[in-house]
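These are the structures in question, set out in turn.
Next come two complexes, and both contain chain A; in the first it sits with chain B, in the second with chain C.
== the complex of A and B ==
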């Protein structure tokens, strides 16, 4: 990263922030952290219907040793990487920490929102499984019947004696659900603990806090933001499954209310769903001091809508906290905190909510494409470095080289720094984010191109803001080789759901020669998106 | 030729009783599977044998299925409220698994499963037919998610022949738990029900019974069959019912989101008080997400559908006997 030369003209300072040192602790691995101190207090409380089942750290450790024994039995030569394909459950947590106990790398894999029949969706995970080179997969009996190319384990055995693992990477986080070019961010023990401790420190979390979460554990926000942060800060978390929330959004707030939760987390769409669906009557949200909104673009209308609607339930406005992070930085980069509310930034008539200051251990700057650091107030790519940044993408040197500039992580997100505050203004990287789930456009385009006779590189998957849903809509533009080649859009929508689990909002067919392209023939997705916003395309059908 | 031995699960319920009667009309005497504490009022006097089928006691299922040629499963789990998706799906799948295992153990060659049109995926341009099944589980409600999971499980079943019937909104006599006919009861009692904008496709439960007889006894039944008669705009149907019962007209149709909010709140309250939600979430999801249906396959198999007026007449006379209707309606006009 290149500093600007000394400026004598009174220009704003460089857009460069440095957080305090990353907090440290006695434990140097997640496995040690799990077992340190008094491990008998309730940690994770799983809610299934009216039944609640509580587990202490000690009980999770015991369960993990059972899984570890089963992994060793399945792979006597030694386990290096463990896939965890399970819903939010004690089994997920047990298998995740079993990998830690063995000094292996856990690879959390996406589980469908609604339980019951995951086989079809996870078929699409095969490229991820191949890239991850799993030695063993922990999953459910139903999924174990599928040939994964690696042994599957569906239940723990009698516990192992406590092993003393060599320190390895803690886990590998694949940055989108399924992809033709999977990227597994390798997160070290230091990064996993550091990121969790930094978030806990910024929010001043401790044993007096109570968490509630429906976020999937395989997602960075659920895994690091909830599971590991509560582990290091020693507070209990009440756990729902994503489907419970999506089908009955009120369950989330009911649990916050009944358990007197102080912390909960969700992407913007989830808060928007609460605004639209839930009546505040009968709820008491006065205990919440940290209601984190992150993982996808944040809308001011959602924040205001939630604050206004749930004031009647005792919700405190400064509890709504906008946060920014990404899997390649383990999770947290910049966090708002309740004690220091920060103003929005007006950009082109749009209010961009503040994402707060950088977390401990994080150094952030705004840079241009050449690595030249911008000035405060100027928009550019957010770049991050520090002990919580990933080591690399697993066995993907090209992607690592494209993402890391020295020890700086190029986030692909656009932003502005002003008065010590980070504002995320947009996205340089081409990614579709739907309900907090991330999809690479080329995966979507690959599926569609296999169904329709298109021109070469004739499919563009782009997202567009969907204020009504508080999330992003997906538009797929298909350039037809022949005008008569359009097919039923429902077939395409169904295939995308089946293969990738992504919902397309609009399938639009355009005639040959109308797709914006670079001189080398690649689709210019940004131009496609801009065209969609500006005017209806020259449609064949939609 | 020997008549097939048939077991009907859920025989004392709404569809079950109509199915048992259809079998009896066809000259077959099915074994009537009943839950240990299930209501068998309607089965008394029919002359069909009763057997206890407890889904938590697999031996009762195996015993009931012994020597049977077909099991008609009209007892798939669905709770009163759509509040617990995870629990509902888990229990539904567990019960289905118990039925399948027992059927295989007792060497039953065919299962006829009563599913729902909730599993039929919509098309943009044309009515949906038997080939349209959601590729992945619909996430918008417990009812759809459960039904999809059950059908999806059955598609993987290779141990016995599985035939799936997908009936639309069933109306007719013996709706003990007042499912779809809650719309009729509320309207007739002068409390027009709140409802979302959308469509309701109706089918007479007696016609469903006859269809299940066909699927149970046919030598080559289709794997999946939509059973549906007339499609109505939900609001227009309620206007028509209000006229039929001399009741006040229904309120304006709600937008989908408002209806979901209302139903969720009503179920939330009803759970606390032990009462009944005036608008069930299940019904909202069904109306809002109702696809247009192509039931030509069932008609090509010789099935016929009674007009709605016949269905309502039959329901009226049963409901009057049951005390669900308080007074005779003034005139027949639907």
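== the complex of A and C ==
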């Protein structure tokens, strides 16, 4: 990253923010943090139907030791990487911390919302499993019948004591579930603890707080934002599974209301779902201090809709906090805080909600493609460095080289810095984010190209905002070799759901020669997306 | 509620969430491959259905439903359970 050579008077300052130092603590590993001090207070309270089961940190540590013994028995040569394929449950947390106890790297894997056959699950996960080189997989008995290429362990055995682990990587976060080219961000103990402590410090979280969360623990926001942040800040969390929330959206707010929760978290689509489906009658949301909205683009209409509808339930407008982070920075980069609301930024008639200031330990600048730092108010790629940035992508030098510029992480997100505030305005990186899940266009295009007779590189998958769902829609443009080659769009939609789990909203067929391309023949996805916003010309069928 | 009315109500709801029109929905259709519903959308369908018919469907059970016929069958079973509970 380079500064401007001369700084003329009258120009805005450089778009460069530095947070306070990353908070430190006595524990230097997640395993130490789990067992430090009085470990008997309730930490995680799991709600399954009407049944609630409470676990203290001490009880989780005991479970972890049980899992650790089982892992060691399964892999006597030594466990280096542990896959965790489990729903939100004491088992997930136990297996995650068992890896910590052994000084191994935990690899959380996406557990599906809708039950499918285990064969289908492994098919979707195969690329990740191959890249991650797991020594052992912790999963349910139903999934253990499959050949995963590593021993599976399904139940904790007798407890044992293990030596204090070496301070190494804590976990590896795969940023997209089923892609042909998976990337596992390697997160160190220091980064895991630092990121959690920074978020706890920015939001002033402590033992008096109460959390409610349905986010999956395998997802960065559920794992770091909820599980590890509550671990370092020592507050209890009521845990639901994603399916519980989707099946009964009100259950989320019922728990906030009955447990007098102060903190809860969700992607934009989830807040939108509450606005659409839940009646505020009988709810008391006055205890909520931090209602975090993050992990996918935030819509001003969702924020306003939620604040207006749930004012009747005592919800405080200042509690709705827009946050920005990514798995490659462990999690948090910029956070809004209740005490310091910041104004929206108007860009081309669009209101971009403020993501707040940078977290402790984070240094952020806005730069152009050559690493030249922009000025305040100018749009560019958000770049981040600090102790919470990942070490590298596991065994993926190309991806690491493309993402890291020295010690700076290129986030792939576009944004603006103004008055010490970060605004995320768009995305340089071509991802499609649906309901907080990330999909790579390349994977979508590969599936479609396998079904239709297209021109070479003739498929473009691009996202477009979907205000009704509060999320992103997916448009797939297919350039046909022959105009008569169009097939039923439902066949393509069904295949995409089956193979990747992504929902395509529009399949558009265009004649050969109409797809915007670079000189080397690659599809220009941005030009395709821009074209969709204008009049859809040359349409064959949709 | 007769089976026909129930089925039509469910089809209507499916048509709202998916791109398929009511006359084109078939009992043997799969929610994902044929109606184009992703996991979040299909859970929302079952959730809206349970809410509209005032049924108490456990999440585990809803997560097993993958077809149009399965959806109708789930609704039918829970309506019968509700009627039995009301009668006793």
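We take it that the second predicted complex is superposed on the first by the 532 of 542 C-alpha atoms of A that agree within 3 Å, B and C clash if a C-alpha of one lies under 4 Å from a C-alpha of the other, contacts with A are read in each partner's own complex, and residues count from 1 in each chain.
One rule holds for everything that comes next: a residue touches a chain if its C-beta (ideal position, glycine included) is under 8 Å from a C-beta of that chain, and two chains touch if they have at least 3 such contacts.
These numbers come from a predicted model, not from an experiment.
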Superposition on chain A - do chain B and chain C clash or fit: clash
Touching partner for A:434 - first (chain B), second (chain C), both, neither: second
Chain B versus chain C as contact partner of A:247, first or second or both or neither: both
Contacts of A:488 with chain B and chain C, given as first, second, both or neither: first
Partner chain(s) touched by A:279 [first = chain B, second = chain C, both, neither]: first
Touched partner set for A:497, first chain B, second chain C, both or neither: both
Chain B versus chain C as contact partner of A:112, first or second or both or neither: both
First (chain B), second (chain C), both or neither touched by A:49: both
Chain B and chain C contact sites that coincide on chain A, given as residue numbers: 49, 112-116, 241, 243-244, 246-248, 277, 490, 494-495, 497-498, 501
Touching residues on chain A, where the partner in the complex is chain C: 49, 112-116, 241, 243-244, 246-249, 269, 273, 277, 434-435, 490, 493-495, 497-498, 501-504
Complex contact set, residues of chain A against chain B: 48-50, 112-117, 119-121, 241, 243-244, 246-248, 250-251, 276-279, 282, 488-490, 494-495, 497-498, 501
For the chain B and chain A complex, residues of the former touching the latter: 82-87, 89-90, 93, 121-125, 134-137, 139-142, 145, 148-149, 152-153, 156, 257, 260-261, 264-265, 268
For the chain C and chain A complex, residues of the former touching the latter: 19-20, 30, 32-34, 36-44, 46-48, 50-51, 57-60, 62-64, 66
